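In the two complexes below, chain A is the common chain; its partner is chain B in one and chain C in the other.
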Partner chain A sequence: MLHAVSKNTIRESGARKTFRVFNVLFLTLICVVVVIPIWNVLITSLAKDQDVMGGVFLIVPPSLTFQSYARVLHSGYMRGFWNSMYVALIGTACAMTITVPLGFALAQKRLIARNFFMKLVSLTLVFDAGIMPLYVLIRSLGLIDNRWSLILPFMLSSFNLIIVKNFMMSIPESFVESAWLDGCNDLMALVRIVIPMSVPILAAVTLFYFVSFWNRYTEAVMFINNSSKYTLQVMLRALIYQSDGSLGEGNVVYDNTKMAVMVLGMLPVMLIYPFVQRHFVSGLMLGGVKG
Partner chain B sequence: MKKSLSLLLAAMLLLSCMSLPAALADDTVKLTICSPDNTFGISTDPDLQQAVVSMLEEACDVQLEAIIPPIGSYNDKLETMMAGGDVPDIFAISQAMTRLPNYVAREQPMKLNDLIAGSEALSAIDSTYFTALEIGGGIYAIPYYYPRVKSLFLRKDLMEQYDIQLSETPTTEEFIAELSKLKGTGIIPFSFPKWIDNFQYFLNSFGAYAGIYKNADGVFVDGMQEEAMIDGLNYLRELYTSGVMDQEFITTENNTMREYVYTGKAACDIDYVANYSNYISQSAAAGAPTDVQPIYMLVGPNGLGGGLNESIQTAWCISSECKNPEAAIRVIEKLVTDPAVHAAFYNTGVEGAHYTIENGIAVATEKATNSGYAIKYNYITDSFIPDFSTLPYQPDETMKAALELQRQIIDRGMELRGDKQMIPAGKSDLYDENAASITSYWKEVISQIVLGSVTVEEGLKNYKNFWDSVEGDQILAELNAN
Partner chain C sequence: MKRTASMRAYPPGSLKKRLWKQRWLFVMLIPGIIWFLVFKYATYAGLALSFTNYGFRKTVSFVGLRNFQRLFKSMSFWNAFRNTLLISLYNIVFYFPFPILIALLINELRSVHTKRLVQFLIYIPYFFSWVVVGSIFVNLLSPSSGIVNQIMRSLGMESIYFMSDVRWFRKVLIAAYIWKQMGYGAVIYVATLSTVDPQLYEAAEIDGCGRFKQVIYVTLPTIRPTIMTMLLLNLSHVLMIFDQIMVMYNASVYSVSDVLQTYAYREGILTGNLGFGTAVSLFVGIISLLLVLGTNWVSKHFLEDPIL
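Right after this comes the complex of A and B.
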């Protein structure tokens, strides 16, 4: 039996073996390049003050202490964390509420002027108005210094909309038609048939939205005036710059504290990612195939 | 329908009349104040910042809406607000010598001559500090500390260990020769930050000036195209190729540069003379305590030289649209001249929030410490206020001694500082349009020359091509004509 299996196995050529070894080495190298900065952030955040001075790049932990985390958890940075969480959670929920029905509508071939609407959506991918017109708009809406200024303008991403629409177009029309025959209207068909079938793409797009709301920096600085409403990203950048004030009167903030805040900044995305990872690639692949 | 509408309107009218007396009774002046987060008690914690705002409100009898952007994005935020028509009533400007002329040309700050004249405390400040930022006889900004000067700081322990013989004003050749003794020891002889403007320290030794300036004859010229610049650039290149200057300076942040010296990883760096005491305290904190020797200037082949003069870089402005400039100047007056408010705003924060006082010494609270705050006493040597002895807390004896020495170092640095000039805005539209790109281009050329991407000749040739493309000669003609 063993002999038979061995006989049927396709023998790999030397070139292919070399290619596979090269592939493994190459991908390992890429993994190392990606992992090293994150590892460095983690190790530095766990080191003592003295061990992080002098622009050192730590790979091996010289000391192990949670003092930086204790500081950060009892500091004003936690307010930034909760502000970011507020913006990211509400923003993602609102964005998905808009993106999914719109994607569904644009996926329907019977939609009048569908191509025109798609062109309008695509236009915003190419042309970005920039921060000034956005500032003037936010100001006119009376949203300066309001957390909603970080949510409302970003509730629809054309890129995300297009991949959701493409995915929904790949769902056979017969499923939706059956729902209609069973008495569903469009909304019910979306909720009962299309959404359950679109979990991979919805997981991917949810993560995209969450990360984009979580990492938003420039708009948070420009539209928010009261520092108690600043997001964690703003506070993190402030912390990094504070000890490098060009005027020299900033505080001396050691790298371990900065890195601990960075870990806090990475934490939500790192926690969410494993749960949506299995949907992630398949969702993107399926959303990208149909135009 | 008409009846209902009339009733509704009548009710609204009645409501507005009822709320009118309350509105009239609330005569507290409301102002917006915008300053980066290296002020307001130097803490990024919103609660601590608010404690300073409350203190300021109480001291000035105004209601303040504070806008405290991170220092790294401060200018972007301020300029976006200005462009969007939201100029804060009171705002701090950084890089005043470059930015103020543009703001004045756009009529954003208010002329302050009369308001300053009406303030006894502000009038008492040496007028030369105001005139450093004067534009066409108008004062648009109120500085709050002495002009900034940079010198080199050299670790004394390494000087002794490696027998480095450098005075406080050595020659350019001595500097390279003596610091070369550190080559091969693993210690960076001279750590330098990525900010190219700092090279002016060395250019001063050759009588060179990067950028447009008014020469001794009172004529505007372009320093990059003068003969002296060639010698200056050759020296900078030599500093780099000799291995004296950090080979990775182009990516080095200010704090990294400082930490190199604190820890003994580097022997020398360039920093504000007012930061001397930081070297004493931070080298001790790093476990490598030492004193540092200032090198105020390097004497060039023709006997020239001077410290890096950054002049007045930050100052307070009042918006030209401010409804209550008298209240605004009252706030600025407190910030600049009142010992308690000044110390709280620029360094120490508020008792109970940032620190508590134990035996006459301020001790940081746990909440403040967790946000990276530390007690600093730089205000004692930086500000125009001569006496802080009225404050209920004082530095300890070691810090007092370091600050006393720091004051002497500041005085000597001021004495030996090089040239710094402000080009007036509004004299040449062509200059106003191209000023930023000219500065950016000479910085690019100098960094390319130092790093060896181009030779001095090639770099200056590239610069000349750029200069011609922006009609540089026309700029000079316009500046000299007006």
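Right after this comes the complex of A and C.
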């Protein structure tokens, strides 16, 4: 690769140079299109009330204050935040405790009836029954208005399962076998040998699960009618699309306060993203290859 | 050879003995399998409700194909079907090639750090919820304060009410989809591109291919399996489009954005006619399945590249 690059630099044509310049400009434009709206949300949330009155699109921060965050901290949106946290944390913990052992078991070629279990899992990738049967199921389990309705049905994702399984298949069987020699059973081998070897991929899968629980909207609308159990995403949608006035004086909710709720809605994910980001690619590649 | 290599893994003896040897594996396997049976296979069985009048009455009775007859006579169903197909088609035509293009361009960057930075940035929106993305677009496209309309006004154009204009709303949906998802696709393609053997490029260069021809004859064929897998993944959920619509649509654009899933939601859950709603779900599921199997068949027969 290096060789090829250096050869190119020696006889770089004019057209090639023009392309390079346009390429950099185009990708910069793409990045600006991605970053500016997020930046706008952030600085609007940090602006004073009088700087956002009348609706302006801020690119340069006019003022820096945590005024709107203080307002959000004392509002009903915090209950939404904690409801979302509850679902996302317990959900992710449950999801990992069920996905990792299943992925490990399916990765063992010696498993009796392994093909049957694999078929059982991969069929669900091709066919999805849609929302209605799930709603009926949740209703008949008596889980409507229960936060577990946002946890139980999403405790396993076939995509994440296949990532874990494929990664564990790449670990040589001799590692597990040597654990047996030390007197471990399969469960202990998983905990002591295989999990420590899979930390990066498990970190990525954990974040995938956390994001899916934290961001879930439609099912929260379908399964939760009791407003004290609303998740943050549901409350945020209502705030942006039809201001309910619980935050401002009178009936006005200033943009800075709306944006503060929005920052709250993306905060946990954004805090973890930079640390786990480099593991995503390998995770996605493992999930993309044939199951 | 297989026997000696994995004597321990395949101990001789009865099935009972082997099961006992693997008891811990089954302890790990069973909770997950039960989950699949309850939350996947039971919902498949639940599709049978589409042949009943479940929902309104206390007693549930079999009504044959009556739900489907009603469905196919309903104007709003055909409208939702048409919208689903149109939005899916736009999605495939406008969204799908985008990450490939971006990845090819990122691949042309020289500095590894710039490559990483671009990927890091464009991947961010993928982790936002549809609610956050929807809110960001409401913000951007607001007729009074949104930056898009401000730019248009400064160019002497009229403001457009993007979120409530039937001529614009579907375009907004696709733009938001591209904004949120392009980084995800691009990152996967960039990773695949790094696996292309550099010798192939050198060989192509000796054969007189310029950079553009190298992309056509070397790069694209090498990443074709990834493209096909991504296409299949995309097709498998394109008809299931739901979250984005639920977040972004409003009464003034129902006519162009009501899709099968939102139709099922309104008819089934809001109206309470669960049997009828399930019929819609079954219909979407079958069309989606045919689409996936069809693509896989095409890929297998014409590209000799089965994906599933």
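As a convention for this text, the second predicted complex is superposed on the first by the 224 of 291 C-alpha atoms of A that agree within 3 Å, B and C clash if a C-alpha of one lies under 4 Å from a C-alpha of the other, contacts with A are read in each partner's own complex, and residues count from 1 in each chain.
One rule holds for everything that comes next: contacts are C-beta pairs under 8 Å (C-beta built on N, C-alpha and C of every residue); 3 or more make two chains touch, one makes a residue touch a chain.
Bear in mind the structure is a predicted one, so any value in this text is a computation, not a measurement.
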{"item": "First (chain B), second (chain C), both or neither touched by A:53", "value": "first"}
{"item": "Comparison of chain B and chain C by chain A residues contacted", "value": "C"}
{"item": "Touched partner set for A:144, first chain B, second chain C, both or neither", "value": "first"}
{"item": "First, second, both or neither for A:98, with chain B first and chain C second", "value": "second"}
{"item": "First (chain B), second (chain C), both or neither touched by A:67", "value": "neither"}
{"item": "Touching partner for A:241 - first (chain B), second (chain C), both, neither", "value": "both"}
{"item": "Touching partner for A:30 - first (chain B), second (chain C), both, neither", "value": "second"}
{"item": "Which superposed partner A:131 touches (first chain B, second chain C, both, neither)", "value": "both"}
{"item": "First, second, both or neither for A:221, with chain B first and chain C second", "value": "both"}
{"item": "Contact residues common to both interfaces of chain A (with chain B and with chain C)", "value": "54-55, 131-132, 135-136, 218, 221-222, 234, 237, 240-241"}
{"item": "Footprint of chain B on chain A - complex, ascending", "value": "49-50, 53-55, 70-72, 74-77, 79, 131-132, 135-136, 139, 144, 218, 221-222, 225-228, 230, 234-235, 237-253, 257"}
{"item": "Of chain C, residues touching chain A in the complex", "value": "6, 8-10, 15, 18-19, 22, 24-29, 31-33, 35-36, 38-40, 42-44, 46-47, 49, 54, 102, 105-106, 108-110, 118, 120-125, 127-132, 134-136, 138-140, 142, 144-147, 150, 179, 183-184, 187-188, 191-192, 198, 201-202, 205, 211, 226, 229-230, 233, 236-237, 240, 242-243, 246-247, 250, 261, 264-265, 268-269, 274, 277-278, 280-282, 284-285, 288-289, 292-293, 307-308"}
{"item": "Contact set on chain A toward chain C in their complex", "value": "1, 3-5, 16, 19-20, 23-24, 26-27, 30-31, 33-38, 40-41, 54-57, 98-99, 101-102, 104-106, 108-112, 117, 120-122, 124-137, 152-153, 155-156, 161, 173, 177, 180, 185-187, 190, 211, 214-218, 221-222, 233-234, 236-237, 240-241, 255, 258, 262, 265-266, 269-270, 273-274, 277, 280-281, 284-285, 288-290"}
{"item": "Interface residues, chain B side, partner chain A - complex", "value": "37-38, 42-50, 65-73, 76-77, 80, 83-86, 94, 148, 195, 252-256, 259-260, 262-263, 265, 271-272, 274-275, 278, 282, 285-287, 313-314, 346-347, 366-367, 369-374, 376, 378, 382"}
